[in-house]
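Please go over the structures that come below.
In what follows, subunit A forms one complex with subunit B and a second complex with subunit C.
Right, the complex of A and B next:
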């Protein structure tokens, strides 16, 4: 794969908006999740992270899902040092990957039908309930008239989106691609998680314990990467390999492996087959919670570590005695990192990143 | 790089297979009626796949069911059903309904009681189109479900082309599917764009769209793969491009600039000039705005002599299936040498500068254009060639 260089990153997590807040979260490690009125624990994005009138004036009527998307996407452009006004707006593609889409808004449409009848659905709510509304807002906010695509899958959604971004660049279709993920919590989704998964009652996910039934705390957020083939614009290293096949075992020439946890993929014992004892392993999902597209957060963590030449301690090492776990944050030479995740068929996906 | 079509699967109200579809086109038959799949107070004809007989995939979402059936047809058409193992096959599918958890009973019960059965959630979690096909066929290759509203089917074909052109796979199963579903039915009603009578694309008295359902699947291959398998192509996808209006969530940009960019880009990709196009299968939803913008752009780019039509009068608007079904219809038309009349069109709107074909019309040449437009400002165009 031709290296895909990272020019800018935008991220919104439970710790707030921006790379600095995410980096601070990596340094601080695990904290208690938020607790909703109905007692459910989740790593939710704070309300103040989605207030920015400079952006909101362009997307005034947007729903929360769209705001999560637009803010992180705009931040990735800003972080790259590009001025939105100077962008070649037809040569940037946008890919938004999501697992569950704007489901909270979809439930509002259902509420309209239930409460007011079939003929009284709010047209504005319906328009926002369509999966690609958020990507459309990104295009409008940035004035981008190039290809805009929304994709959805429960597993490997970010990896597939990244692979497509790489294809677009390889084809010469575009000079840059803004590729990212977004997913949100809602009371109904948190209930579904509770019913289908094993929620960690103590609020601590333990991704490194590789459990048969992983303990889970729902999370949400958004993360975008502005990527290109232009090595001179590189700010955070590059994506160099993506493998999404059932029989891949990753790479042995990396300095660190980061594993992801979403719990919906079931047993994490599958990681035992691929983790090389000689390579340190880390996991950070207990900081921001588990969600199907959270692998992008692991890639943000990797990008920061490669840039800062610093490895951050795993957020929760419970049950990880047998692994070569990163227990302390420290400066270290890091040239390559792989991010690993799995699906419910025991298949693994790998993203390799380099300095 | 040319991408070859070696198999087709087309299921819509116009027909459950190619023969039935062509019979509908030839006779002008429009199989629309009152909604029977769910109860509704909204009075708008719908195009259901009423006689869908393949229920062997029973415990899955109807959208995935339609998609799997069309995929099976495309694989059989390409003589590939028994040869899948060991091949690098990508799956790119577009959908709208198949991507949303919109079970009204589930949500009502959760809201009222704080808990609800997980049956519909489980169906939804197993219903992702590309993942479902990937799992069903045990393919190895890239897999993406495109949710670009009504342009999804065309965009999924475009994704597959990108994969094939960059060597990520040798074969791709691409297209789109959507079932008729109560929630979008209410949603389109709320936008005021559902017609209470049969839709009439590009007509002076058009009142909006009719929803439909179906699946369109194309089996795409690289030249090397096709030659290795000693298959002859049914068609070639010569060009593709897509663009965004960056204008509005549900209305097209009145200038049509996004659609114009997509069509121009697809022609450049195909290395063709507009006069090479034999006919155009337009998106033509029969809404006031869509048809006005689209016809103006077609007139700007192709003048008034290139025949065009919308097939929505035979299928209804099948949402994410539309772009793929209509690409398939273009292939049928190129093979047959004629296009059907634009069902529902009677009288030209004076604001629209060109008229679609009202009757079945012979065509000459080898190239067709299929356009798609979707909410969120999505515009896509495919140039399709009939091989010599």
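Right, the complex of A and C next:
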């Protein structure tokens, strides 16, 4: 795969909006999740993270899902040093990856149909229940006229989006691609998680323990990468390999492996097949919660570590197997990092990044 | 229809303001109490547009069971919070009669 260089990153997590807040979260480690009025734990994005009048006036009817998307996408552009007004708008593609799409809005439409009848459903709300609405808002807010796509592949949506971005750049049809993820919590989602999955009542996920029946805490957020083939514009390293497979053992030439938690992928024992004592391993999902596209957050963490040449301590090492677990933050030479996630069929997805 | 709105225009106005703020994205930053009864809903004033008019039609159906059938009537009704509230009050009374 031809390296896909990262020019800018935007991220919104439970710690708020911005790369600095995410980096601070990596340094601080685990904190208690938020608790809803009905007592459910989740790592939710704070309300004030989605207040910015300059952006909101461009997306004034948008729902929360679209705002999570647009804010992170705009931040990725700003983070690259580009001004939105100066963008070559026909040469930027947009790819939004999501596992569940705007499900909170979808539920709202369905509830309104049940409560009031289909004639009394808000047409605007219905329009937002479409998966591609968020990506369209990004295009509209930025004024981009290039291709716009939403990818949904449940467990590996982000990996598919990255592969597509790489293809678009390889074809030469675009100079840059804004590729990212978004997924949100909602009362319905949290209810389902509580009833059907195993939520960690102490608020701590422990992916490093590779449990057969892992416990998790739902999370949400959005992250975008502005990427290109232009090495001169590189700010945070590059994506160099992406592999989705049932039999791969990943790469042995990396300096660090980061494993993720997607909550619905079942047993995390599958990680035992690919982790070895030689390569340090870390996990950060207990900082921002478990969600299907959370692997993009691990990639943001990897990008920051490659840039800063610093490895951050795993957020929770309770019950960790005897891997070479990263327990302390420290300066270290890091040339390549792989981010690993899994699905419920014991397939693994690997994203390799380089300095 | 909610009978409690029958005669209390003040209560209807408050309810209308709350509905506008909580359902129309561009007003969400406003405090309902900040909206004056006689401020124009469309154009200058609150700056609503035709898509918002559609939302208001749905809100009237959903929360007051009132249907706007004549768009000429709708123009006058949607002029201000006050005109909208009076329309709701009038139709609530008609329905009960």
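Please note the rule applied: the second predicted complex is superposed on the first by the 354 of 355 C-alpha atoms of A that agree within 3 Å, B and C clash if a C-alpha of one lies under 4 Å from a C-alpha of the other, contacts with A are read in each partner's own complex, and residues count from 1 in each chain.
We adopt the following convention: a contact is a pair of C-beta atoms (placed from the backbone, for glycine too) under 8 Å apart; a residue touches a chain by one contact, two chains touch by 3 or more.
Small disclaimer: the values here were computed from a predicted structure and weren't measured.
Visitor: With the two structures overlaid on subunit A, would subunit B and subunit C clash, or do they fit side by side?
Guide: In the arrangement built by aligning on subunit A, the partners subunit C and subunit B fit side by side.
Visitor: How wide is the angle at the Cα centre of subunit A, looking out to the Cα centres of subunit B and subunit C, in steps of 10 degrees?
Guide: One gets 70 degrees for this angle.
Visitor: Look at A:284 in the shared chain and tell me whether it touches subunit B only, subunit C only, both, or neither; answer first, second, both or neither.
Guide: Touch status of A:284: no partner.
Visitor: Looking at the overlay, what does A:60 touch: subunit B (first), subunit C (second), both, or neither?
Guide: After superposing on A, A:60 lies in contact with subunit C but is clear of subunit B.
Visitor: In the superposed arrangement, does A:224 touch subunit B (first), subunit C (second), both or neither?
Guide: A:224 contacts neither subunit B nor subunit C.
Visitor: Regarding the shared-chain residue A:116, is it in contact with subunit B (first), subunit C (second), both, or neither?
Guide: second
Visitor: A:164 in the overlay: touching subunit B, subunit C, both, or neither? Say first, second, both or neither.
Guide: first
Visitor: Can A:90 be said to touch subunit B (first), subunit C (second), both, or neither?
Guide: In the superposed model, A:90 contacts subunit B only, not subunit C.
Visitor: Which chain, subunit B or subunit C, ends up touching more residues of subunit A in the combined arrangement?
Guide: B
Visitor: Look at the superposition and give the distance in whole angstrom between the closest pair of CA atoms, one from subunit B and one from subunit C.
Guide: Between subunit B and subunit C, the shortest C-alpha distance works out to 9 Å.
Visitor: On subunit A, what residues does subunit B touch that subunit C touches as well?
Guide: 112, 119-123
Visitor: In their complex, what parts of subunit A are in touch with subunit B?
Guide: Checking each residue of subunit A against subunit B gives 38, 89-90, 94, 100-101, 103, 106-107, 109-114, 117-123, 126-133, 135-137, 139-140, 142-156, 160-161, 163-164, 166-168, 170-171, 173, 188, 191-192, 195-196, 244-246, 345.
Visitor: Tell me, which parts of subunit A touch subunit C in their complex?
Guide: Residues of subunit A touching subunit C: 53, 56, 60-62, 112, 116, 119-124.
Visitor: How about subunit C: which of its residues touch subunit A in the complex?
Guide: Per the stated touch rule, the residues are 23-26, 29, 51, 54-55, 58, 61-62.
Visitor: Quick check on the complex: what are the subunit B residues that touch subunit A?
Guide: 40-42, 96, 99-102, 104, 107-108, 110-111, 114-116, 118, 121, 125, 128, 130-131, 135, 140, 142-149, 155, 159, 162-163, 165-166, 168, 182-183, 185-187, 189-192, 242-250, 257-258, 261, 374-378
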